[in-house]
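Listed next: structures, encoded as structure tokens.
Here subunit A shows up in two complexes: once beside subunit B, once beside subunit C.
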Partner chain A sequence: MEMKVQEITVSLGRRVKRTILDSVSFDVKEGEFLSLLGASGAGKSTLLKVIAGITVQDSGSIIFDGQAIDHLAPHRRNIGFVFQDTRLFPNMNVEENVAFPCKMAGMSRKERMERAHTLLECVQLDGFGNRQVTSLSGGQQQRVALARALAAQPRVLLLDEPFSGLDEDLRDDMRSLLLRLHRDFGTTTIMVTHDAVEALEMSDRIVYISLGCVEQDGTPMELYAQPQTKEIAACFGDCSTLEGSVSDGVFLASSLQLAAEGMADGPAEAVVRYQAVSLREAGVDVGHHATRRPLLIRCSVYRGDTHLARVDVEGQTLTVPAEQSFIPGMAVDVVVDDQGYFIYPM
Partner chain B sequence: MIEDKQGGEANTSTQPQGREAQGRSHADSRQIRKARRRNHAWVSRVFLIVHLICVLLPLGVIVAWSFTASWPWPDLLPQQLSSRGLVELFLSRQGLGPVLAQSIAIALASALLATIIAACAARALAFHDFFGKELFRFATVLPFLIPSTVFAMGIQVLFIRAGLANTAVGVVIAHTIVALPYAIAIMSEVTVAAGQRLEQQARVLGASSLRTCLHVQIPQLLPGILSAASMVYIISFSQYFLTLLIGGGAVKTLATVMFPFLTSGDRTIASAYGLVFLLSTLMVFFLFEMLLKRFASREVSYFEG
Partner chain C sequence: MKPLKARRIRQRITPYLLVTPTIILVGVFVYGVVNGVLQGFGIMPFLGRTELTLDYYIEALNRNDFLASLNYSLYLSLTSAVLALIGGIALSAALTRVRASRTIQLFNIQIPLMTAHTIVALFLVSLFSGSGLFPRLLYWLGMIDDVGAFPSIIGGASGWGIILVYLWKEIPFIAFYTATIMMHVSSRYGEAANTLGASSLRSFFSVTLPLCRGALTKASLIVFAFAFGSYEIPFLLGPTLPKALPVLAYLEFQNPDILNRSYAMAINGIMALICCIAALAYFLVLQRERKERKSDD
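On to the complex of A and B.
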């Protein structure tokens, strides 16, 4: 199903109105897996609730296949919704939970039990139909919630941080399960997440939301390679943020200088990814490096596959992965790869 | 860290002793736990005895009195047995059956009415914002603050005008109003605890608000609903003055029939009525419990799932 979100604005709060979403617009294509990425409190979940009809927007429109559905109550929108906290009905067993949307859609008992059975097989829970939901583990509960959301063949599947309540090793399994279901069922899917790597791995497209506004809308590659804002550049983790200033197309923080072509002069911030930086012992000339004068190592931490050296840049920290540990106080030169840093005006 | 490692090595090098020590510490902890349990057992036994003395002893006295003609002080046991209580209950003109039936019917009707109103009020207070909400919240506890006698005097005039005086319907309404604060207090607690999570989930899965209520909310709130209903039931069932004033003597309940015997000091008959009172209430509560078991047989949890 094709979906359009058009200039959705939402303010909440009784006395003091706070704008949660400010004129948010984007399109979702048929069968697409779209992630809404952003820090917590950015308004992603609220947007999902507006699409579901749980929260009513102040203005703007949600359009399913060319038809505005703003006047429809939540239960008439035919959507599947998986919340972070699973929300299984405790007064029903696993099978009845999965069959619930089918029951609401008016399917006969035999039909919906068959459907529940099929879906439980899809999420690798066959034979769990008669179990009580409280007897299931967190991962199993989330799989039941997923099966239930897909049971009534929804027009769109909405997922609100579906894996953030699970252990790290379970999350990977759940991600591949979800991707498989998406491939098999072809349901248009919108997932809210604050985990940028999760969004990269799973999505066809990512919409980055910050403070209620869309900051960037693009493929995972676009977001990673050309982040539009400092927040997006930093959200993928493993990076250092340095404050400095731009003059004559060069960003300068202490003695570290980075090319900033086409940028206006003035204070600026640089986001430097760990893997774009390497260290050379001061005085050993390897040609091109980014430091005018050597910088000092503040400390070095062990991280398993690599050491992380913290380089002091006038009180700010530049973190660099290194093969060996560095002694604090050592002078080093820094080499920065052109692809791995981004500069934004402040 | 280093010290820990050394400690670990020391342990492995002297494993046999280590194991023994472990065994010993297990035995110790078992003994400690047993000793603790013994302490707890002692405390709970004391509570049990106090409870028996406070509750069952007076009950026993009532049972004894309902078959006793006289029991003068300082005799430990009743001196003369009597069947007057039984005769009054089962052979008197007004008959126990209709009175008991009417009492139970009025109490059940009040319980139903008050619980429905309380559930709605609790929901409004928990999830909706409206003008004067705090005033409304305060208003729900007002009947707590006004003595029911004062309330009865005030409402009687109104009921006479409305044609509700001397009718069972009027009595049900009066009882409902008096019992509402208790029901609202209970329902507010469980409604807030239950939250709107499951309700939202049901709605987005295609359930209308009516079906959400039937399939999700009522099962979820059932323990609270039955607590509130029991509370209202017992308040209504034991109401005397209000029933007398609003019912005007035309509406007879067990409490109004029993009360004259209590005030006139006829302990035999009062005790016999007391016994019926107790047994019928227990029976209704037992029914409520069965309902709970039947419809909320699966574990209901507010904080998980």
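On to the complex of A and C.
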């Protein structure tokens, strides 16, 4: 099913209205896995609730296969929703939970139990049907929630940070399971996450939302390689942000200089990814480096497989991964990979 | 005394000092109950009666007026509890549905809860008694031939006057007891049920209501026990016969023959036994909820 989110605006609050979503628009293609990425409070979950019909928008429209569904109550939209806290019904066992949407759709008891059985097999919980949901682990509960959401063959599957309450090991398993289910069932899927790496790994496309607005809409590779804002560039983690200024196509922060072709002169910020930077001992000529004069090491911290050297850039910190520890006060030259930094006007 | 030792002693004594007022109150209560129970078994040392006997209980259970009163009290309390439960669920669901503000809750729950039963009884008398506003209004509209033709709600054996007074206060009580839980369950599980294809009504009956069952059962048991043991409303609005059990017990207690007190206490003993069964049921529901909560954790 193809879906369009058109100019959705939502304001919440009784006395003082606060804009949560401001004219948000994007399309979702048939069978696509789309992630809504953004920091906490960006409005991602609200948008998911608007699509589900739980929250009613102030303006804009949700369109399923060319038809606006804004007038439909949540139970008439034929969606599957997986909540972060699973929300399995404690008054029903696992099988009854999975069969619940089929019961609501009017399927006979035999049919819905067969469907529940099939889905429990799909999520590797065969034989768990008679168990109480409260007796399951977090990961098992999330599997049941997934099976339940898929039970009534929804037109679109909505997932609200489904793995954020799980341990890292379990998350990885669940991601694989979700991708397999997506491949097998081909359901159009929208997942809310604030984990940029999760979005990169799982999505066909990512819509980045910040303060209720869409900042970028593209493939994972586009967002990673050409982030359109400082926030997007920084969301993938392990980066330093430096304030400076652009002059004649060059960004300057202390003695650090980075190419900023095509940018207007004025104050700017650079987001520099850790892995794009390396250090050389001052005075050792290894070709082009980004510092006009050596910078000083502030400190060096041990991080298991690597060390992180903190370089002082006129009171700001540039963090650089290094194989060995550096002595505080040591003078170094900095080498920056052209693909590993992004400059934005302030 | 060394400061450390004094501190240790203070720490040991403090909990006992803090519970002392409660222990005194419980002691007074237990003394009253034990005294009453013993009197029901015929033990009244101040009258020289020290022999334990079941005669008063046997007499009570064989007296027609007692059995009629017992049935009448059970009818009043069960009807009140069931109707208050239905009304409480409806009020609670309505408050949940509209996400009631404090003002709405004040009018629907807190004001009825704060109103004394006797005030509501007077209010009902002025509305529904033979010369009350409602019969006169119906007579004026020509809907009844005579104000006396209005069905007897106050003082009638049907007990509807008594039940209406209880409902005035117990419907809000049940809503007060359950609304917060229902709001939480509805926003958490009701929302999930909606996204899975359940209409608001189906979601309410298949998810929200079953999950509030414990709180609703507990509230109904409290209403039952209260209505069963309450004295003043059946005394004010009840029929001459049959009398509600607490009214019968009171009248027997007030009998000029002091030996009749044992009979009154036997009636109280039977009432206390029925209330204890309700309390036991409450405890079992509580235990089950605790067990469920434990398995949730």
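Observations, loosely collected:
Methods note: the second predicted complex is superposed on the first by the 346 of 346 C-alpha atoms of A that agree within 3 Å, B and C clash if a C-alpha of one lies under 4 Å from a C-alpha of the other, contacts with A are read in each partner's own complex, and residues count from 1 in each chain.
Everything below uses one rule, namely that a contact is a pair of C-beta atoms (placed from the backbone, for glycine too) under 8 Å apart; a residue touches a chain by one contact, two chains touch by 3 or more.
These numbers were taken from a predicted model, which means no experiment stands behind them.
On the shared subunit subunit A, the superposed partners subunit B and subunit C overlap sterically.
In the superposition on chain A, contact of A:93 is made with subunit B only, not with subunit C.
By the touch criterion stated above, A:275 is placed in contact with neither subunit B nor subunit C. Contacts of A:306 after superposition: neither subunit B nor subunit C is touched. Looking at the shared chain after the overlay, A:241 reaches neither subunit B nor subunit C.
In the superposition on chain A, contact is made by A:78 with both subunit B and subunit C.
Subunit A is touched at more residues by one of its partners, and among subunit B and subunit C that partner is B. Of the two partner chains, subunit B is the only one that A:141 touches; subunit C does not reach it. Once the two complexes are overlaid on the shared chain, A:228 sits clear of subunit B and of subunit C alike. When both complexes are overlaid on chain A, the residue A:52 reaches subunit B and subunit C alike. Within subunit A, the residues touching subunit B in one complex and subunit C in the other are 52-54, 73-75, 78-81, 83, 85, 87, 89-91, 100-101, 104-105, 132, 134, 148-149, 152, 158.
Interface residues of subunit C, counted against subunit A in their complex, comprise 188-189, 191-200, 202-203, 206-207, 210-211, 292, 295-296. Residue ranges on subunit B touching subunit A, taken from their complex, read 129, 197-198, 200-208, 211, 215-216, 219-220, 296, 298-301, 304-305. Contact residues of subunit A toward subunit C in the complex are 52-54, 73-75, 78-81, 83, 85, 87, 89-91, 100-101, 104-105, 132, 134-135, 148-149, 151-152, 158.
Those residues of subunit A whose C-beta lies close enough to touch subunit B in the complex are 14, 52-54, 73-81, 83, 85-93, 100-101, 104-105, 132-134, 141, 148-149, 152, 158.
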